[in-house]
Amino acid sequence: MKKSVIFLLVSVFALLPLTYVFAEGQQEAAESEVVEFDFWTTQTQSDRQSTIQVLIDTYTTLYPNVKINLVPVDENDMVSNVQTGAMSGTLPAMIEGSADMHVSFGVEGIIDTDATMDVIEQVGKSNFYEGPLKMLESADGGSYYGVPYHGWIQGIWYRADWFEEAGLEPPTTWDAIAKAAKYFYKPDENQYGILVGTKAESYAEQCFTPFAMSNNAGLFDSDGNLIFNSPEMKEAVEFYGELAKYNPPGPQTWRARDYYLQGKMAMFFYSTYIMDDLALAEVAQGSLTSENFENLKGTSFDPDLVKNTRMAPIVSNDSDAGFGTVVSFTFLNQEDKRITEAASKFVAYLYTQNAYITWLHMAPGGMNPMIRGIAENARFQNDPKGIFKNYGPEKMAEIIDGLNNIESFGIVEGQVIEAASTVTAQQIIPKMLYSITQEGEDVDAAMAMAEEEMEKLLK
Amino acid sequence: MVKSKNISRKIGFYALVFFIVLFAIFPFIQMVSMSLKYQWDWGNPSLIPTQINIEAYKELLNIGQAEKNIPDSIKDLLDNTPDLTKDQRKAIIDKYKDSGNVFPFLKYFGNSLVLSLTAAFLSLCLSIFGAYSFSRLKYSGQSTIQRGVLFVYMFGGILLLIPLYKMASNLGLLSSQTGTFIALLVIYLVQTLPVSLYMLGNFFRTIPYSIEEAAMIEGSSRLGTIVRIIIPLSISSIVTVFIYSFMIAWNEYLYASIFLKGYTDIYTLPMGLRSLFVSKNAIWDRIMAASMLTAMPVIALFMTIQKNLVGGLSSGGVKG
Amino acid sequence: MNNTRKQLDRAQRESILGWGLILPAATIIGLLVLYPIIYNIYLSFFDTSLSGNNTFIGLRNYENVLFDPEFWKAVWTTLIYVVFTTVGTTVFGLIVALVMNKEFPLRGLVRSLLLLPYVAPVISVVFAWKFIFDPVNGLFMDLTVEKLGIFTERFNLIGTPSAAIWVTIIFSIWRNFPFTYLMILSRLQAIDKNLYEAADIDGCGGWSKFRFITLPEVYFVVGSIVLLRVIWNFNKFEDIFLLADNVEVLSVYTYFKAFTGSMEMGQGSSLAVIQFVLLIGFIIYYVKKVLKW
């Protein structure tokens, strides 16, 4: 009796992995005629993934000979994952990610530009807003490293009620920003002036770029010469270092927006995605207030936070600069052409109005259209969380306009500078900002080092 | 006089015990506390939540999440796709309702369980015979093997990561999900093997030879005595070793993080937890609740074998 | 005559059986531990490219590593980490063992609770630790700045590498003291009670009992634990990387070199070889001098 029980247990354990593997093997065998490919996305939130999955399911139900595996990848891990993928021969057929990253992959020669061109032609080149499309163009012109799909702009979100009470100007100019950051920085009361990125992650570069741009400082001139180490750039870096002093302690990244939501911070850089997050916070609060928790007063719970939050999309100094990111689709070279073909057909489907609006509604405000005619569409404006209604069509027009005029290190006087994307992908600027703000590195020395790194990359 | 000195000594002693216990469990208290707080309560340093919130647990364990609303954008999508049949539409909606788990705990749990149980079980089987061999049989090379076991048991982790990754990649294992799973399974097996061999070897040595000899005189073969005498006599050690190996595999992060990249379907719990943290789903109550759920199984297992562990550890030396 | 042949046969049979039983385990260990060590040495002489083509470059990887100041910084960080964690874990473990060796109510429960840090997965406890040291919302800053006034201003303990190393050291002590205390405790419980009684009769105080009876009895256990702790902490990765990836000990440094950025696996391999050699050197020295084997 006892023996047979032990025997049974033993065989179950021994067979466990076998059946597991076998089950998977069978699946693979049954679907061998089907074209299967991986789709890496930077949308790591699970609710967004399930929406994308619905789009995939709808498509694959219509075209049952395609199988698409959705894989979420954090934006900071994307470059290294593509490298590991290249090594183990497991590159995905398509990626959704920032345009900068796609341009840097294009420079490495791992992008199938025929496929991107194919999609652009199917959608109609003139339907795209020019600005975003330009960002993905190859330096020699004519081919594209990705197809723009959606985009966001970034600005400084701030407590309008605090600013009003203190009699401060909205944070749109260098002076106003610095003044307010200093004014609201009260570490004794655990309150901080501003959040700019100081950790060596892409968020830091996103915060820094508008300061450099508004001071007319770039990485390259229109001929592609490195002009990083300029007096204008140094000024911007120094100003950024000054602002970082009014940050919450230590290296910080977007995660610290929590402190704003808790009423411990006056300003923070963030993309229009926060509109979605703020709406969520509002919903959460709504569910609380309705059940009359009077005893909650005095905690960090602020029912008026959303109402009192405003955005300043432009930073001004010598010139005006906005910052945003275009998110695009791209196709990585595959040995089997059928795979790329299937992937590009799927992307073309995602541009059909029906699928497109469904995608953009995952994060109203954060995901804005890249082709004409969507923003004015009634179904698009009627988003599930009522955000567009809340902010009004003018704000939305402003955002779209901002998107068409995004400035980046990668486009100088209409010329596409591919190398700038490589610099961004390698996070050289965030590393420099980290060493200056956190390790107390001298600005000149840190900039010289960053310049050296950039020169190394250009070789 | 003497009495009061005694009392203050006693108080001092209990204060020390209290301090030690507090030090050991404080992070767990913090974890439980955060997992039960509402978002607006995070800024409050008190460990006691102002209002208890068990949403995070319900969400992770998929309790009471059945009536998930279908957003209009998805309804519109399906309504505007006329080629879909009613059944297909329903299938897509049903799948949507099932998805969107912030942290598919049960799936990761299953992966971790299969991986850890299998690795620990195989390692136990191999090491019972292996340990018997070098601890109770005499042959040339026996002592070399014994020392070799001790030696390999000290090298693991980062030192072998690069060659093992390169080997798996050269063999083409990493280009398929099944291959990756097997590669990781074998690695967990080899990581637990030296520990099991060492612990069991030390234990087998304490069994008197006379018992075994008596059985053999009655006509039992060597293998027969292993099954009939050695295993039943050391069953508590075997269980301890099994649980120990299970824990090593269950808790492993480094190899999982390198090998499983991209294969979300076979993520183990530690890998899933890490990806939850770096994703924008990272909300403290979720992270802490997920941490609790990840830690629970091993904690529960160890509580049950706590008494055996003291003996098991001291005969082993074990991995840290 | 007959008898000796039988015995010979028996010895041979035993030998065959012995090898047969160990063979499966030995093969796996050989293939997945010993071979990789050799393969790693081989790799360390190559420039490994992402496409999988390796080019022989002799000692260049070693040169690159040894002339990199970051490497020496990593060695130094590792040393600090290993020394303080080992000493801290051992001393704290010894104290806990002495406490737990006494009878007191609820000892069983306390014993169970003390196991928690050791058995919980690292990944599941690091987030709680991170939160405790959060500069704005964490309990540690609230306590030391607001309540006790030890520090005058809040700061980011884990964000600052020079401070974060101490957090990782405390974390390591926290995680590993249960193992140390259990090992010492099981030795303590085996000490002959008569020794203490004899000492009582001689009128020895608590300290001298500890000094002359307890310490010699646990000397070898402590010696072995220290050795194991050094070896394990020298190779430690997860406990440091997951809590504070800015504390670059050798293993974290290797990881960054080999698996991020341009993925210099060749240099990573040479780092692993160096780490390996340092470790072996230490073990030989320690076993000879301290354990006097």
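Per-chain residue numbering starts at 1, and chain names A, B and C are given in the order in which the chains are listed.
By definition in this document, contacts are C-beta pairs under 8 Å (C-beta built on N, C-alpha and C of every residue); 3 or more make two chains touch, one makes a residue touch a chain.
Note that the structure is predicted; figures quoted are calculated from it, not measured.
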Most distant chain from chain C by Cα centroid: A
Which of A-C and B-C has more C-beta pairs touching across its chains: B-C
Central chain (by mean CA position): B
Distance between chain centroids, defined by C-alpha means - chain A, chain B (Å): 34
Chain centre separation (chain A, chain C; CA means) in Å: 39
Distance between chain centroids, defined by C-alpha means - chain B, chain C (Å): 19
Per-residue multi-chain contacts in chain C, two or more chains: 52, 136-137, 259
Multi-partner residues of chain A (at least 2 other chains): 84, 87, 258-259, 262, 264
Junction residues of chain B, two or more chains touched: 42-43, 169
Chain B contact footprint on chain A (complex, rising order): 13-14, 16-17, 20-21, 24-25, 28, 38, 40, 44-47, 49-51, 53-55, 57-58, 61-62, 71-74, 76-77, 81, 84-85, 87-90, 255, 258-259, 261-264, 281, 284-285, 288, 293, 295-296, 299-301, 354-355, 357-358, 361-362, 379, 382-384
Footprint of chain B on chain C - complex, ascending: 11, 14-15, 17-22, 24-26, 28-29, 32-37, 39-40, 43, 48, 52, 96, 99, 102, 104, 110-117, 119-125, 127-129, 131-132, 136-139, 142-143, 174, 176, 178-179, 182-183, 185-187, 224, 228-229, 231-232, 235-238, 242, 251, 254-255, 258-259, 265, 268-269, 272, 275-276, 279, 283
Residue ranges of chain B touching chain C (in the complex, touch as defined): 13-14, 16-17, 20-21, 23-28, 30-31, 34, 42-43, 45, 47, 126-127, 129-130, 132-134, 137-142, 145, 148-149, 152, 154-164, 166-167, 169-170, 186-187, 189-190, 193-194, 197, 222, 247, 250-251, 253-254, 258, 269-270, 273-274, 277, 284, 287-288, 291-292, 294-295, 298-299, 302-303, 306, 309-311, 313-314, 317-320
Chain A contact footprint on chain C (complex, rising order): 50-52, 135-137, 153-160, 246, 259-263
Contact set on chain A toward chain C in their complex: 80, 83-84, 86-87, 187-188, 190, 192, 199, 248-252, 256, 258-259, 262, 264, 426, 438
